[in-house]
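What follows is a set of structures for review.
Two complexes follow with subunit A in common, the first pairing it with subunit B and the second with subunit C.
Showing the complex of A and B:
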C-alpha cells in the first residue's frame, strides 16, 4: 500500500506534508537535487496545475466555512470560528437532507445491485441475441442524467398523461401524483433505472472472470445450480459486489441532476439531499459560510466511505501482486 | 436459483470432453449440436420449458422495464400534442410528425448549444487527458518530494463531492471574469483525479526494463513518456478519454451555475432551460424531442466503442 508509506524525502515548503524532515536527510538529499530538478522541470507545470485545481478549492472551502459571508451583505464578512458548523447541526433541514442523502444512496445502490446481479447472471450464459440484449440493457447508463431525469419526471410520472399512471390504471388503481406524493420514491426509481446497468456490467465482468474449471468440477460432482451459485460463484463475486456498492455509493451520493429536475428538492425540502441543499444555500440563499461548512461535513462523511473503498481496492491490488 | 448454468451437468461435461470414456460414441445429432455451439443446448427438448421460464422470460421482462421508458421517449417525440394529451396513449405515434424537433430549435438556440457542448467536451477532455498522462507519469517515474502525499491528495479529491469545490470555484472564476464564458465552464474541471489514478496504476505496472535502453541513449522524461510509456498504454488512455468525454458531455451542475445566457449554455443546461419555458402538458413531446437530440450523439459513440467502455469500467479498480 503505497499511499501510507512515509515519503523518502519530505522537503519543507511542500504544501501537503506536515512531517518535518530531519537534518541528515536534508543534506543527503540536497547533493543530488540540482540535477534531478533540471530533469523533472518540464513535467512539473502539469503536476502543479493538477494540484491547484484539485486541492485549492477544497482548502478554500474550509477557509470560507470558518467565516461569516453572505453575498447579499458583502460588508459583513468576518471570522466566526466554528459557529457555522454549530448552526448547520441545529438546522433541521440539513439533518433531513443528510438523512435523505443516506436513504437515496443506499436505496438506489442496494436495489440496483440486486437487479444488476440478477441481470448479470442472466447474461452470463450463451443464448441467441445475447450481444444485442446486453447492449439494450446498458443503454440507460449511457443516457445523460439530465435527460433521464426529464424522461422520468415528465413522460413516466406525469400525474395526468404519464405512462406509469396509465399502466396502473389498467388494473384499476387511481392515478398518483408521483413526484409530489412520493418524491423520494420517484427519485430512487429513476436512479435505479440509471444505475442498474453499471452494476450489471461490473458484476458481469466478475462472473466472466470465474475459473471455469471450478464450475466444471462442481457440475461433475453433481452440485445443483443453487449450490454452485452459493458456494462457488457468490464467494468469488464478493469482491465485485463490495466494489459495485462502494463505487455506486460514491457516485450516487453526489446526485444532483435528478433531484433538481424531478422534484426540485420538494415538496418543501422533503426530497432535498446534501448536494441539492448546499446548492440551494449557496446559489439561492447566497450564504457562503454555511454552505461551505455543509460541504466540509459532506466531504468528511464521504472520505470515511472512500477510505473503506480504497482499502478494498488496495487489498485486491496487493493480493494480485503477491500471487 | 438455476440461473448460473442452464445446461444439465452431463451435457456440460460431454461438451468439454471431460468424461468422454463414459459415452465414447456420440450420435450424429449430438455431434452437430456440439459444433453449433453452446446456446443450442438450451433448445433441447427437456430444457426448453426450463430455459423459457428461467432464462428468456426474465430477460424479456427486464428488457421491457429498461427499454420501455426510452422507447416511450422516442415515440413521444414524434407525437403531435393531441396524441400526448390523451387518456388512451398508444405506443407508436398514429400521426408521426417532426414538428416537436423544429419547435425545439425555435425555442432555444440549439445549434449554438450543440457547438458549445462539443467545444467544451473536446477542448476540456483533451487538456484533461494530457494533464492526467503527464501527472501520472510524474507520480510514477519522477522522484518528486512527497509524491505519495500528492497521490493521496489526488485520491481524496476523487472522493470530494463536486458541489463542495463548486462554491470556491464559482467565486474564483467569477473573480477572474469567467462567468458566462466557455473557458469558465472548462477551467475548474481540468484536473481529473479518476484519470490520474487509473493511469498511475497502469504506469506502475509497466516493466522498468522498457525504459533502460532509452535511458542509456540519454532520453529525457518527455521522450520516455511520449515514445515509450504512452504508446504502450493506449488502451488505458483511451479508457480515461472516453470516461472524460462522457462526464464532460453530461456535466450539468457547474455549467448551470456559471452560465447565464442561452448562447453560452451547454446542452444539459439548455434542456433545463427548455423545460422551464415549456411547462404545459401538451408540450412534453417537445421536451422529449430535446432529450432525444441530446442523447443521440453519445449513444452512437457508445455503440461504436462499446467493448472499450465495458473494459474501462472495470479496469483500474479490478485490474
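Showing the complex of A and C:
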C-alpha cells in the first residue's frame, strides 16, 4: 500500500539516499525529517488517544495480575509474582469457563457461517424482491445485542410463555426450561441468530466477486450445479470463509451480554464464559488479582486468533498485488 | 447461484418456500418480542404468539409511567454519549485516514496494524482498571467516563473504513480544480468534500451503532441515572411490583431502542454494507 501514492510524496521519500550529505543537503535532510513528522501529525491525536485508553489500563491489568488484591481483604495487598496465574489454572471454574468460551465461540461461528453461506447462496440468485429479502435478513444483526439476548430469553425461551415451547407444544412435546436445562445451547442459538447476517454479508460479497465467465464456462461445459459449487465457487470462497470464521471468532469470544442476561452464567457456573467469569470475579467477587490474571490470559488467546486473521488478510493483499 | 435460466414451476415453488422459511427464521423472534410488547400483564402467561388484548400499557409505562425515569434518562444518556463519541471519533478518524490515504511516510502499516490490534482488544480485560481509575479521578458514572472508552471502541473501525474510502477518491481532481483557478481550500471543498462525504457519513453510522450497542462499559462504569445508558438500564428493569416480572416493559423498551438503529441502517443500507465489507475485506 505504500507504493501507490501521489508523486510529490514519492519524491520526498527519495531524498533519503545513502550518499554523504553536503551542507545544503544536510539541512534538506533535516527539513525532510520535519516534513515527515508534519505529515504524521494528523495521525497523532487518534493514535496517542487509542494507546492511552487501551494500553494504560492493560498495563494496570498486568500489574494487578501480579499482586494479591482482594477488595474484601484490603490488608492483604502484596506482590505475589505469578501465583495468581497458578491459581487460576488450578481453578476448575476457570477451566470450565475457558472450555465454554471455546464451545460458544466455535459452535456459534461454525453454525452461523454455514447458515450464512446458505443465505448468501440464496441471495446470489436473481429473483423478484431480492433487495427486500436481503434487507429483512440483515435485521437480526441490527438488533441491539442486549435486546437480542432479552428477546431470546423472554419471548422465545421462557419456560411458561416462551414461543419455542408454544411451537414444540404444537407437535405435542412438553415444555422445556431452555435457559436452565440447556443454557449453553440457548446462548449459542441466540448468538447464531444474531451473527448469521454478518457471515451472510461477508460471504455474499465473496460470491458476487466471482468471475461470471468462469461460471458460464462451467455451465456450458455441462457441469452440474453441485460440481460448479464444489470446484469453482468453494475454492474462490475459501478466503472469505476463513475470514468470516476468524472475524466472527474474534467478536464472539468476547460475548458478555448474552451470558449476563440469558443465564447469568448459570445454573451455577455451567454457562459462564471467560469474559463473564472475569467480570464476576472482579465486580461480584472483588478478587482483582485473579480476575486480572484471567484478563491477561484472554488477551493472549485473542491475540493468537487475531494474528491468524491478520496473516490471512495480508496474504490475500500480497496475492492481489502480485497478480 | 448456478443457472440463471428458466426454472420449472416446481423449482420456483421450492425456492420461494425456502426464502419464506429463511425469512421466518430471521424475523420470527423480532415479531415475537413485538407481539409481547403489546400483551397485557395477564396475557403474558399465555403461551400464544399474538396478544388476546392489544394494549399500549407497556409503552405508556416506560414513556410516561412508573418506569419513565429509568428508561427515558437512560435513553437520553445513550443518545448524548453516543452522538458525542461518534462525532469525536469521526473527526479524529478523518484526520488519520486522510494522512493514511494521502501521504507517504514510513510506519503506515504499523499504524493500521495498531488500529486493528486495538479494535480486537478484549474489553473485559481493561474494564476493571478503568473502573478503579475512573473512581479515583472522578470520571466514574459520568458521560465523559463512557465517551472515552467508547472512542476506543469506535476509532479503530472508523480509521479502517475511512481509509478504505479515501483511497478510492481521485485526489487529482483537487489539482485539476486548482489549475482551473480555484484556491486550495475551494478545490478541497468543491471537489473532494462531496466525494468524501458518503464515506464519512457511513463511518459515522457504523461508529454510532457500535457505541450504541455497548454493554460491558455501560454496566461497569455507571451506577446511577447520571450516565447509565440504555443497554445497562434494560438489565436493571424491575416490574411494577417486586413480584411481577417486567417482561412487557422490557419488550417495549427493546423495541423502542431497536427502531432508530434499524431505520437508520435500512435507509443507508447500500453505503453501510459496502463500507463494512470494504473495511473488512480490502484492508
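Simple rule for what comes next: the second predicted complex is superposed on the first by the 276 of 323 C-alpha atoms of A that agree within 3 Å, B and C clash if a C-alpha of one lies under 4 Å from a C-alpha of the other, contacts with A are read in each partner's own complex, and residues count from 1 in each chain.
In this text, contacts are C-beta pairs under 8 Å (C-beta built on N, C-alpha and C of every residue); 3 or more make two chains touch, one makes a residue touch a chain.
These figures come from a predicted structure and were not determined experimentally.
Undergrad: Do subunit B and subunit C fit side by side on subunit A after the overlay, or clash?
TA: Verdict on subunit A: clash between subunit B and subunit C.
Undergrad: Which partner does A:308 contact after superposing on A: first (subunit B), second (subunit C), both, neither?
TA: neither
Undergrad: With both complexes overlaid on chain A, does A:220 touch subunit B (first), subunit C (second), both or neither?
TA: After superposing on A, A:220 lies in contact with subunit B but is clear of subunit C.
Undergrad: Quick one: classify A:234 as touching subunit B (first), subunit C (second), both or neither.
TA: Once the two structures are laid over each other on A, A:234 reaches no partner at all.
Undergrad: Counting only touches as set out at the top, which of subunit B and subunit C does A:99 meet: first, second, both, neither?
TA: Touch partners of A:99: none, neither subunit B nor subunit C.
Undergrad: Determine, under the contact definition given at the top, whether A:254 touches first (subunit B), second (subunit C), both, or neither.
TA: both
Undergrad: So in the superposed three-chain picture, is A:161 touching just subunit B, just subunit C, both, or none of them (first/second/both/neither)?
TA: So A:161 meets both subunit B and subunit C here.
Undergrad: Quick check on my understanding: which residues of subunit A belong to both its subunit B contact set and its subunit C contact set?
TA: Touching subunit B and subunit C on subunit A: residues 2, 5-6, 9-10, 36, 39-40, 42-43, 46-47, 49-51, 53-54, 56-58, 60-61, 64, 118-119, 121-122, 124-127, 133, 135-140, 142-147, 150-152, 154-156, 158, 160-161, 163, 166, 193, 196-197, 201-202, 205, 215, 219, 225, 228-229, 233, 240, 243, 247, 250, 253-254, 256-257, 260-261, 274-275, 278-279, 282-283, 288, 291-292, 295-296, 298-299, 302-303, 305-306, 310, 313, 316-317.
Undergrad: Okay, in this complex, where on subunit B does subunit A touch?
TA: Residue list for subunit B touching subunit A: 1-6, 9, 12-13, 16, 18-19, 37-39, 42, 55-56, 58-59, 62-63, 66-70, 72-73, 76, 84-87, 89, 130-132, 134-135, 137-139, 142-172, 187-191, 193, 196, 201, 220-222, 225, 246, 249-250, 252-253, 257, 267-268, 271-272, 275, 281, 284, 287-288, 291, 294-295, 298-299, 302-303, 306, 310, 313-314, 317-319.
Undergrad: Which part of subunit C faces subunit A closely enough to touch in the complex?
TA: My answer: residues 1-4, 15, 18-19, 22-23, 25-30, 32-33, 35-36, 44-49, 92-93, 95-96, 98-100, 102-109, 111, 113-118, 120-133, 148-149, 151-152, 155-156, 159, 171, 209, 212-213, 215-216, 219-220, 230-231, 234-235, 247, 250-251, 254-255, 257-258, 261-262, 265-266, 269, 273, 276-277, 280-281, 283.
Undergrad: Given the complex with subunit B, which residues does subunit A contribute to the contact?
TA: 2-3, 5-11, 14, 16-17, 29, 36, 39-40, 42-44, 46-47, 49-58, 60-61, 64, 115, 118-119, 121-128, 130, 133, 135-140, 142-147, 150-152, 154-156, 158, 160-161, 163, 166, 193, 196-198, 201-202, 205-206, 215-216, 219-220, 222-226, 228-229, 233, 239-240, 243, 247, 250, 253-254, 256-257, 260-261, 274-275, 278-279, 282-283, 288, 291-292, 295-296, 298-299, 302-303, 305-306, 309-310, 313, 316-317, 320
Undergrad: Which positions of subunit A touch subunit C when the two form their complex?
TA: On the subunit A side, the touching residues are 1-2, 5-6, 9-10, 12-13, 36, 39-43, 45-47, 49-51, 53-54, 56-58, 60-61, 64, 118-119, 121-122, 124-127, 133, 135-140, 142-148, 150-152, 154-156, 158, 160-163, 165-166, 169, 175, 193, 196-197, 201-202, 205, 207, 215, 219, 225, 228-229, 233, 240, 243, 247, 250, 253-254, 256-257, 260-261, 274-275, 278-279, 282-283, 288, 291-292, 295-296, 298-299, 302-303, 305-306, 310, 313-314, 316-317.
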